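Okay, got some structures for you below.
Same chain, two partners: subunit A is paired with subunit B first, then with subunit C.
What follows is the complex of A and B.
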């Protein structure tokens, strides 16, 4: 230690210290970046590196305008880091993304990418950061679900926006909850885990995967049972019923009245 | 004049008493007739004359749909149990199996899925109820716009209004019975409205629900109202209503030979009675067709009542729609100022839920106005005469305009009741619809009033034009000197009767009372009277008609002559009304 105390006033001591400092910061920085890079290049589970690469190419060509070259988000679209594969599978798989036009809410349209491309995009986005994954088949098998339990969960958690029969409903400022009729099991599940558009996220702590399966089972049972009472009138309840009686009902009545009194004085 | 009023000789009585029919059927008929007095009834009612017009049949539709609703409702009572006791559903509807629910909901599901014909009867009952109130409403609109509520029928109009209110009550209590989420939401609104009444609101709510909402007593209570008290009152009022129709005789539209002192139409027996009886089955047929093909109130969707969720698309049946709409219309805040406030009281303060209370004011004013309109109109117009001839709506422009304004007001509230569905189906912003409707609710009725009045006056002028100059025939003639001229076809005497026989009084101005003083109230009345009658199109007078004929005579003498021959009767018919 004596040597050090003696040499500390050496003219080169300052230079040595500076070098040491620079080396330390640089080394730490290098270490930190490598760790980051190691994370980024971590392959998401179930996807290959070719899929990620192909996905990035598709992303740059189709999505980067709004979401940014590195999916970091721009004024026109949110960051996709950490949204997970489920989100991509839902948004792209139902045709909502790429978005046709900016509006209160992304409109559904025929999907623009096939299954393979969707998976590649999902792989790329999943590689950017961890997020909800595409659900396992086990949780999409409606035969294992309990529809009456699912019905209860649906009425408590979903019917406020999606209507008791899943026919959809209005939200504020032109936004809406879409109809759930004919939506694929996978997409229903993904919507719950990722909360697309204005939908809240129902994560696994909130609604466990088994319960999500019950809800899907309820929706599919409901969809397949048909309408016991005749035409459903859009599952919209009293408004469409009132409309029917004021149009068809009244027209039939007036028609018969005019017929009955047509041969009068 | 019934048979009993006539004086018979002793011999005639004996003859009637000892009359022995020869056939078996005759003997049975005579036996019954001697005990029931059927001859007298048929003689009296079978000869009553009813004018025939399709628009007069809405009242009948209301009556028939009420009968259908009562009969189908009786069927439902055999299975429905209005108990709020908890039970576990084990019926055949899979998505609800094992779910805890009230017995009321469980039995409603049983009716829908496990009782043969139960779903059809439930749907018939519900569709019938919608039609019942629809028919009453359209009937009332007909009565209003044709002025059929005027003297001597004011009281019957009030009975009709009461029937409408009872119909709303019957409908709402029935809507609430199945105890699912949708109807529970409706009851929650009623609960909220009651609790919004200052000071006594909470007590009223606790009284109705037997404790804090929802409690376990409200369904049985509504059931008693729904199947016993309200239908009983409706039945009594229908009896009074029909009795008064017989006493007053039916009104008729102006037309050839129709005056204030006669009724032109068909006698009840046998054709009219057969038609009316057949019409019952037509109404039943239409309702069965709709009930068999269109699902109504799919109560299995909604699930057992639970006060926490409110589902998207939760709406009442159509006739409660305006009540719902006006609540949706009312803002809770005006900018930064909350509309709800608290009255400080020694026991802690009473909150006054203005956003719930205020919307009830226009509804109350509308219904009150409906009840007392006959007296309002008679007071303004000073018309004390009896009226058995109806007004064509155009011939009472101000009344028609007031009616149209009210209908517009109603429809805006009605539409707002489904603002969420308008938003989704027309891809509009829910908020914008609400903001626009808040303006429209004030501006719309005014526009409707002005437009309707102008349209009525224009139609009257058109009528006058046709009466004096005839219809445009579409034939252009060239005269020898090269002038072009369209030939006009004069209306037939039948048509002319309808066109000219109405009254359009001039504003009467304020009149002094017995003390010779013109009171402030009288001045107000006179101002309203001026508003009523200021813009008027006078009916064609005899003098004008003759002059016009002379003028037309230059062009086509033959038609003019023919009309001139019938003209005597027209003016006779017109003046005969005074």
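What follows is the complex of A and C.
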């Protein structure tokens, strides 16, 4: 205290005092504006407050039975706080939610809500907590993607479940990885960022958005070019090919043996 | 009609002889010869001839189709720069090659069989079977063998016998040594030892496959799965060796809620980092890559034989033919915050191994 009293007549004391005052007022102002922004950030980016309100109404009417009145989750359905708009856009946009029936996993069906209602639901769920957003169009433009690089990434990260040709495959206890043929670019992207059902999450730190675009470009290229000849048999590899050769092939062999050994009339 | 073999072969049943006295049951003989339509009707024969010729012509057409597919399509497709058009032509070409070669073969085969069945002579022939046991020949062979043993004097001169056995036992050794050295093209260790270890070691960073970028713990959100290779893999210059080492060292990295871990053995408490857990991707059954991860059940499924491992219980086998859990890679973070291995796998990765110790 004594030291301070001695130094108050120091030539720089005025400067120090001025700095202190500026810092205080500046800091207070900054804190005040952050509080304001924090209140505003409840409104997710790209959505209007009307959409959030409308989405809440739809949510209470259609989803709250399983996910709870405030999306906090119940025994029948998980909490949706922080799952993000991408998750809603995928689950509702592909018809998986609302669920058709209880089972090992939610099945795809014609969507129950239109684009506008899906966006409203997404806005509401996104307002509950930050989560993956609906991807920007830039990352869905397959013309900008590199299909061959995407193919390598697909084979390392996706092919073990979804099949090297993206035709899907079986998992444990009735669950399965669905076919990726004919799935919209947006939904493929959202599945990677949110990890629906038992699919692992491939966030942007693992597969950056540009790489996701490459993977989508690979899938779309594969889908458009078709097979290089012969029957694809669902692209299921040895399963369907083996079944065909064991039934049709063996029947042909037995038929030709009967013909070879029969007497001519 | 030819008679079947007579009774002198010794293999003939004698008890309860038939009326002729030779066989138990009298030979019923052959059914009466039935002439074919083409044998009696010249028109039918002519029709068969045309059918066979048609089949041969189908074969000729098949060959031509193959040639057209191979040369004509092959040439024109080069003029199409557009990728998808190229794929269309490739599809047409492959179809023509397959269909053409199938009919080229099938036409000849079917034609020849039809020819033989309808036009070639069809009289029945009976070929008598030779006696099964020729005792005299057996005795002769046994005698020859005895003479050979006698003439070599191998029984009388055991020195010769013993040195011959020693020489024959030693002779394959050069081959063993040479084949062993085939495996030493790289590295000093002999192969069984090499299978015990991977290139994971203390402080080796976990990097993404294929980009090779290091991973921070925060890069994995709960529910994430990442396919990982060791950072020192890039230091291996030989392509073949790099692939061999990669095949052993591939790792799957997952993050789950730490409270989801159901069981942690003593000594493994610090093998995970904030719910991040790593395991070998090589199935312990026959070595398929296990990477079908279900993030809610924490099950890892092997696509080959449906072995299922539970990541929440240190990759214990919960279903299928695998005999032991997937080896877990102990991990932690280094000073810069990147995920690193604490050590190599503490047991050999991959299928059943002859001497396994988890210590």
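The working rule: the second predicted complex is superposed on the first by the 208 of 265 C-alpha atoms of A that agree within 3 Å, B and C clash if a C-alpha of one lies under 4 Å from a C-alpha of the other, contacts with A are read in each partner's own complex, and residues count from 1 in each chain.
We take it that a residue touches a chain if its C-beta (ideal position, glycine included) is under 8 Å from a C-beta of that chain, and two chains touch if they have at least 3 such contacts.
Keep in mind that what you see is a predicted model, and the values were worked out from it rather than measured.
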In the superposed model on subunit A, is it clash or fit for subunit B and subunit C? clash
With the two complexes superposed on chain A, say which partner A:75 touches: subunit B (first), subunit C (second), both, or neither. neither
Touching A:228, do we find subunit B (first), subunit C (second), both, or neither? both
Please work out whether A:45 is in contact with subunit B alone, subunit C alone, both, or neither, and reply first, second, both or neither. neither
Return first, second, both or neither, reflecting whether A:260 touches subunit B, subunit C, both chains, or no partner chain. both
Just to be sure I read the superposition right, which of the two partners does A:152 touch: subunit B = first, subunit C = second, or both, or neither? both
Thinking of the overlay built on chain A, is A:201 touched by subunit B (first), by subunit C (second), by both, or by neither? second
Subunit A contact check, subunit B vs subunit C, more residues touched by chain B
Looking at A:161 after the superposition, I want to know if it touches subunit B, subunit C, both of them or none. Which is it: first, second, both, neither? both
I'd like to know which partner A:171 touches here: subunit B for first, subunit C for second, both or neither. both
After superposing on chain A, which of these stretches of subunit C ends up overlapping subunit B: 117-125, 225-233 or 261-269? 117-125
Shared subunit A contacts, counted only where both subunit B and subunit C touch the same residue: 152, 156, 160-161, 169, 171-173, 177, 225, 227-230, 260, 264-265
Using the touch rule from the top, collect the residues of subunit A that touch subunit B in their complex. 104, 147-152, 155-156, 159-165, 167-174, 176-177, 218, 221-222, 225, 227-233, 235-246, 248-250, 252-254, 256-258, 260-261, 264-265
List the residues on subunit C that touch subunit A in their complex, please. 34, 36-38, 83-84, 87, 90-95, 97-98, 113, 117-118, 122, 208-210, 216, 218-227, 254, 289, 291-297, 299, 301, 303, 306, 308, 319
Give the list of subunit A residues in touch with subunit C in this complex. 152-153, 156-157, 160-161, 169, 171-173, 175, 177, 195, 197-203, 205-206, 224-230, 259-260, 263-265
State the interface residues of subunit B toward subunit A in the complex, per the touch definition above. 52-55, 57, 61, 94-99, 112-113, 119, 123, 126-127, 130-131, 134-135, 138, 181-182, 264-266, 275, 278-279, 282-283, 286, 289-290, 292-298, 300-303, 306, 308-318, 321, 417-421, 423-424, 427-431
